[in-house]
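Each of the next two complexes has chain A plus one other chain: chain B in the first, chain C in the second.
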Partner chain A sequence: MGYPHKSHPRETPVLSKYFGDAEARTLEGWKARGGYKALAQALSTDPVAIQNIVKESGLRGRGGAGFPTGLKWSFMKLGDGKPHYLCCNADESEPGTFKDREIMRWTPHGLIEGCAIAAHAIGAETCYIYIRGEFTEPIAVMERALAEARAAGIIGDNAMGSGKKVNIWVHRGAGAYICGEETALMNSIEGRRGNPRIKPPFPAVAGLFGMPTTINNVETLAAVPHILNNGPEWYKAMCLGSPKSNGSKLFSVCGNVARPGNYEVVMGFSFKEFLYDLCGGPLPGRKFKAIIPGGSSVPVITIEEAEQVKMDYEGFMEFGTMLGSGGVIIFDDAQSMPKQLARLARFYAHESCAQCTQCREGTAWMTKILERIVAGDGTFEDLDTIFELTESMTGKTICVLSDSCGAPVCSGITRFRGEFEALIKGKRSSTVTVTA
Partner chain B sequence: MSDTKLVNLTIEGRAVSVPEGTTILEAAKFAGVLVPHYCYHPGLKIAGVCRMCLVEVEKAPKLAPSCATTVGEGQVVHVYSQKALDARKGVLELLLINHPLDCPICDQAGECELQDYTFQEGRADSRYHEPKRFNPAEDFGGDVLYVTNRCILCTRCVRFMGDVAGSRALCVEERGDRAHIGIAPDLDLSHPWGANVIDLCPVGALVSKDFLNKARAWELDRTASVCPNCSQGCNVTLETRDADVVRMKPRSNATVNQYYMCDAGRLNYQWINRDDRLELPVVAGKPAEWDAALAAAGKALKGGAVHVVAGAGLSNEALWLLKQACGTGLFRVAQGPEAPLAGVPDLALRADRAPNGAGAELLGFRRADQPLAGAAGKVVVIVGDDLDGLDTSALGSAAAVIAICTVVPKGLPAGAILLPMANFAEEEGTFTNLRGRVQRFLQARPTPGFARASWTVLAALGVAAGTGGSFATAEAVFAALAASESTFGGMTYDTIGLKGQVAATAGVNA
Partner chain C sequence: MSHGPSATGGAALQGAPHGHHDDPYVPVLTPGSTPRAKLDDILSRYPTRQAGLLPALWIVQDERGWISEHAMKEVGDVLGLTAAYVKGVVTFYTMYHQHPVGTWFIQVCTTSCCNCMGAEDVVKAFLQQTGCGELGLTSPDGKYTVIEVECLGACGFATPIMVNDDFIDSMSVERVPEILKKYC
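== the complex of A and B ==
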């Protein structure tokens, strides 16, 4: 974890090694810790060779989708005469996720190095780090580090004396969750309303300002210098579960747990040991009940399921949920699941960009139904309506925000139906007739 | 066209070949299938947001928004598969949960795509038991009233104002179900083309203040016509209720006005219905029979040199017959500021605020600021000019005055012969726009009293004066015109059709 507590011995601190180390924030401190070696080496390496190293390492996108990073980079057509762009997605707004925040707070130069390497690998001369507006401290830290790096000639028109141009800019978001969606993020940088775009065209063909663009998560980019320094085999070897998931992953843990915080473990780590050993188990006198393992957009699972999970992309899939962004939200037996899920739905209703009908209307309707159930005015038909509504909302919209609202709610109703039915049966109001 | 690659696909079992890059929605039109849609409009950029046009494409993992998906070779598209129908039913249900369902008091009822598609594919009932969202209606300025609660946020209006009209007046404000169309604090829809958003709005969210609560859509009769308010010649539909024109709407014509018309043209129709019309022929201050009036006029015409004042609102047919009966003459055209529509080439509210100045010129009439100049002592024939703002003193010394008009011009001497004629909405004919495009308009309302179509009156005048032949229809007049005027050579009402045809030697416009 590194900050505010010491790392647990069973963690594998790669990205989080210097969390809490104030010196690592400075250019000198970062260089003393081995920083910018990878960039110096990368700038004199052929971009395709870097793409191949990242491909071999098995690094997959850490923002939620888990798309192979090297493959994503290889979609950028080098030498096509167009300006290429790299966007670093630091709009970490997924409820329950706060890993990128710590990376930017403590190792800003690590991220800058990753961005510069990636920019070189995709033939981009400009990189925008799109940081969530509420992240005032990380923005200040990143700006300071960028100023240092620019002054030292590490980035700029002649990055590290290589003759290559790598400019990195911070773009501050204005507080919309949807701007973490890559095409909405690009619209936001362009100064437009942060609405997701229709794909195709994909960003690698026509992205930021209509030019080929790659968007990577903070954690993904921050991992790149380590892969270059230690070799792809080293990264690939960090694997305890599925061979398709490699490396270390930061998990943000919050909710009803003894020791919330960020934990970095190797892919495939046992979720049971993670929860009870690393995170210190439940609060005194409580029991874990349910877990949303990958940020609020993924299906909720019971603690019984969670205890069998291996923490990697495939491991979570096996239990019908997803690794997502690694934001582990823990609910214990003192929590009402209907209430929790109603609150989650409310978040999505608030954050829907309002383009697609299903999302704009569906998320708000779902919230109203759930809040009515929580208030004791629910009916059994309401539960059926929620499932049918989710069907209407899934896979039919421009982006996946609407799917993300339905996923935790439906999985929650399926797994904790008893709690919903208890609320419906014990209802206080007589204004709604129960016909089921 | 020969190098355009064609793509073959099957839509609802019908094979179609369309140019590469066509969307499935447009391709479906070739197959005779209209995919339900809201946000898509052929004149606007694609938004893909209403999700109403979802169709099933075989081998695709998800339903495709047909407005934003281009055709692929060998695609098999199902518009009415259960999956696609269910998806659209879901969209319709969601569009209606917060919709006020106030169709009985909504102007759009009867021509509302939300009504139509709900009737076609929607649910019969609603599962929505929550309170509906409420937002007050807002005056958007110009002719536009925004009834927020009916809005489905298709953003057609926002895209029109932004991409076509080049104004940042409209935007989407807020997020989630709180979203609505917002208006810039320093702007409103008094933009010269602002009222087009009313036509573009597929529901009753943007309604015309002018038309508000005037008529139900199903009570209206619709007639193809041409806007008489400037020389652009926008194709329009005249909508009449009980023989009164209550609304003028643009009729699409890719070459002239695409899907649009300006506010100045759209809202200037009340004069068509004015009730102070001349309804009887008048000779020597007394009502007369047509035969007597025409005989008097014919006799007067032989009494000396003739001075002709024509109107720029007369049809080509009327002008040609006037030329046959009395020779050519002068005409004036009211002027106003030009107002182009930024996103459409060669479309503007033109400075010439009359429909047929170009036709008059092609037929030999000449522009003049003072068309009565030189009229003194002559037989003056005034056709379709109200003489407003002119010095009419010359008429006092005229040998005779014959006025063929819809309303009695001011300043006529007491002994003038008055012949009542129809306005453009009451007869058939053609106008020639500023690019030389000859366009037909049809009769939308009956002629008041004993007034007759302008071509009927002028043909009869020619017969009475012994200088012209008689004609049974406007079409026959045009055929004779085309035979004698080489500019119009080879044209007939059939070749002109309802989209117009460029006169042979006039055309600079394609």
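== the complex of A and C ==
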């Protein structure tokens, strides 16, 4: 169900089936809907067997990078005598993305079940759910559900009477997009500034508190109980496009669109039908112009390109962009692309952790130049400078925040060059009002 | 993070008034107190004391409304960290206040997804109607502080705002008076 809307008949509600259903938030309500059966089964199953089921299902990480989840789990060396950790990434700060928020608000026990199964599968006794500090309501809902699960003995020192220890705690962030990056997240839990770490060592070798650690996104973990309940073949069969992209996926839709919200569709769904049927098309009297399909860090595409896309990892790549986190940002013909991209650059400049010179200086200069163009003081050389800057900001820093600034900006200049040139020539395009 | 690069002006909070003191400092985390019991319970979840730093800062801010230099020293003493180290962490995260703010701290998202839906007009309306005038400044009656923030993770519900710990979505210019009536 595409909260806040009723489920569209063409959606495939797996994770979102109970969005908006307040009873599903309680332990009793969740059990009545089939909850915690998968965990009971998992706790008596060999961890490697669970890893294999998840591998077979084809589940890929929903946090942005799309790394195969079962494979990631298999990097954790079982029986090495060290404490292992699971971190659930609920930092959700990527502009355009607001799906993990709804998963936590409506199905907190589904996430707890997924975390507990994953913890067992990687040999971890402790899981921290790192929730961004601004998410006061999701934090309260998760805390309440965890207290219920603890009181009922579902998690704790003897989870469901299995003799296995599974403790799950919420760790509240304090405002920093960069803490969604996995190694920055670990530093933040450890009580440090949220600076990303240089890899290697990778988290599976030396992560949280120097111990083997796995980090997974909320949506990734919430899918796991469904895979165990229905079998990997069922999950794998949810596929309308590339065989490398399976399952259902939540897409958050925002910006200039008739029905913004979350929609869950099978991988490979037609983006055109998605945009016009499910999301209701443009606002009255407007036309879609540009789309950033995977959260603000991926390249922007035109509506003409978007209408040909199949919504899966490979489908978006065919058009030079990415599925990312599934945050679909829509701009219509009333928006100024230079202005919106300047605002995005400002986001990255504000959120840079400032460790790497290319990122700290690059994001700041990018913003300055774009804002100058928007103000009507830009030159044609400025456009070239932006591409040069991007070159020096891509693939050369500790994490990819730096790359993420150039991606939407450069693709936007390439595709909407006319709007930039009009501003530089001092002729404001007739459909565009620039106020910044 | 709050140390924004200078070229873009950094965080709005840096323009806030100076000279707020909390002398004499009354400790928050005294052994036997409720906040201390809360912190000790949280510490039992982690293998190191340092991991209690973000939670401890939240506890102090919940009690006092902001985190003073004295408070940083107190937190450091309890966790075995220097005051300078604690300050380094406090300044990294945007949600910790390093000076007192208005009774109602209003945060408005203006990142692109909300921007294209009119978030800037919401900010203007708040600045005018609260009497704050400028971002990051507290209104003369001490009631309000308004700041712009980056994506609040609720982009489909443009424009989301936070008033202290309350999350309010679908804010519009028209709804500003209603909100200010509720938080007065």
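By definition in this document, the second predicted complex is superposed on the first by the 424 of 436 C-alpha atoms of A that agree within 3 Å, B and C clash if a C-alpha of one lies under 4 Å from a C-alpha of the other, contacts with A are read in each partner's own complex, and residues count from 1 in each chain.
In this text, a contact is a pair of C-beta atoms (placed from the backbone, for glycine too) under 8 Å apart; a residue touches a chain by one contact, two chains touch by 3 or more.
What you are looking at is a predicted structure, and each value in this text was computed from that prediction instead of being measured.
J.: Comparing chain B against chain C, which has contacts with more of the residues in chain A?
T.: C
J.: For A:Q355, select first, second, both or neither according to whether it touches chain B, chain C, the two together, or no partner.
T.: first
J.: Check the residue A:T220 against both partner chains and state whether it touches chain B (first), chain C (second), both, or neither.
T.: Neither partner.
J.: Applying the touch criterion given at the start, work out whether A:S16 contacts chain B, chain C, both or neither, answering first, second, both or neither.
T.: After superposing on A, A:S16 lies clear of both chain B and chain C.
J.: State whether A:T183 touches chain B only (first), chain C only (second), both chains, or neither.
T.: neither
J.: Once the shared chain is lined up, is A:I198 touching chain B (first), chain C (second), both, or neither of them?
T.: In the superposed model, A:I198 contacts chain B only, not chain C.
J.: Would you sort A:I398 into first (chain B), second (chain C), both or neither based on which partner it touches?
T.: first
J.: One more residue to check, A:T97. First (chain B), second (chain C), both or neither?
T.: It touches chain C, and chain B stays clear.
J.: Please work out whether A:Q340 is in contact with chain B alone, chain C alone, both, or neither, and reply first, second, both or neither.
T.: It touches chain C, and chain B stays clear.
J.: Quick one: is A:E381 in contact with chain B, with chain C, with both, or with neither? Answer first, second, both or neither.
T.: A:E381: touches chain B, not chain C.
J.: Do any residues of chain A touch both chain B and chain C, and if so, which are they?
T.: Residues common to the chain A contacts of chain C and of chain B are 176, 178, 193, 349-354, 360-361, 363-365, 368, listed in rising order.
J.: List the residues on chain B that touch chain A in their complex, please.
T.: 46-52, 54, 62-63, 65, 68, 87, 90-91, 93-95, 97-98, 127-130, 152-153, 171-172, 174-179
J.: Taking the touch rule as given, give the residues of chain A at its contact with chain C in the complex, in rising order.
T.: Residue positions touching the partner: 4, 83, 92-98, 100-101, 126, 132-137, 167, 169, 171-178, 188-194, 209, 252-256, 260-262, 296, 327, 329, 331, 335, 339-341, 343-344, 346-347, 349-354, 360-361, 363-365, 367-368, 435.
J.: Could you please specify the touching residues of chain C with respect to chain A in the complex?
T.: 1, 3-8, 11, 45-48, 50-55, 57-58, 79, 81, 88-89, 92-96, 107, 110-113, 115-117, 120, 149-158, 162, 165-167
J.: Going by the contact rule at the top, pick out the chain A residues touching chain B in the complex.
T.: Within the complex, chain A contacts chain B at residues 176, 178, 193, 198, 349-358, 360-365, 368-369, 372, 381, 385, 389, 391-393, 395-398, 432.
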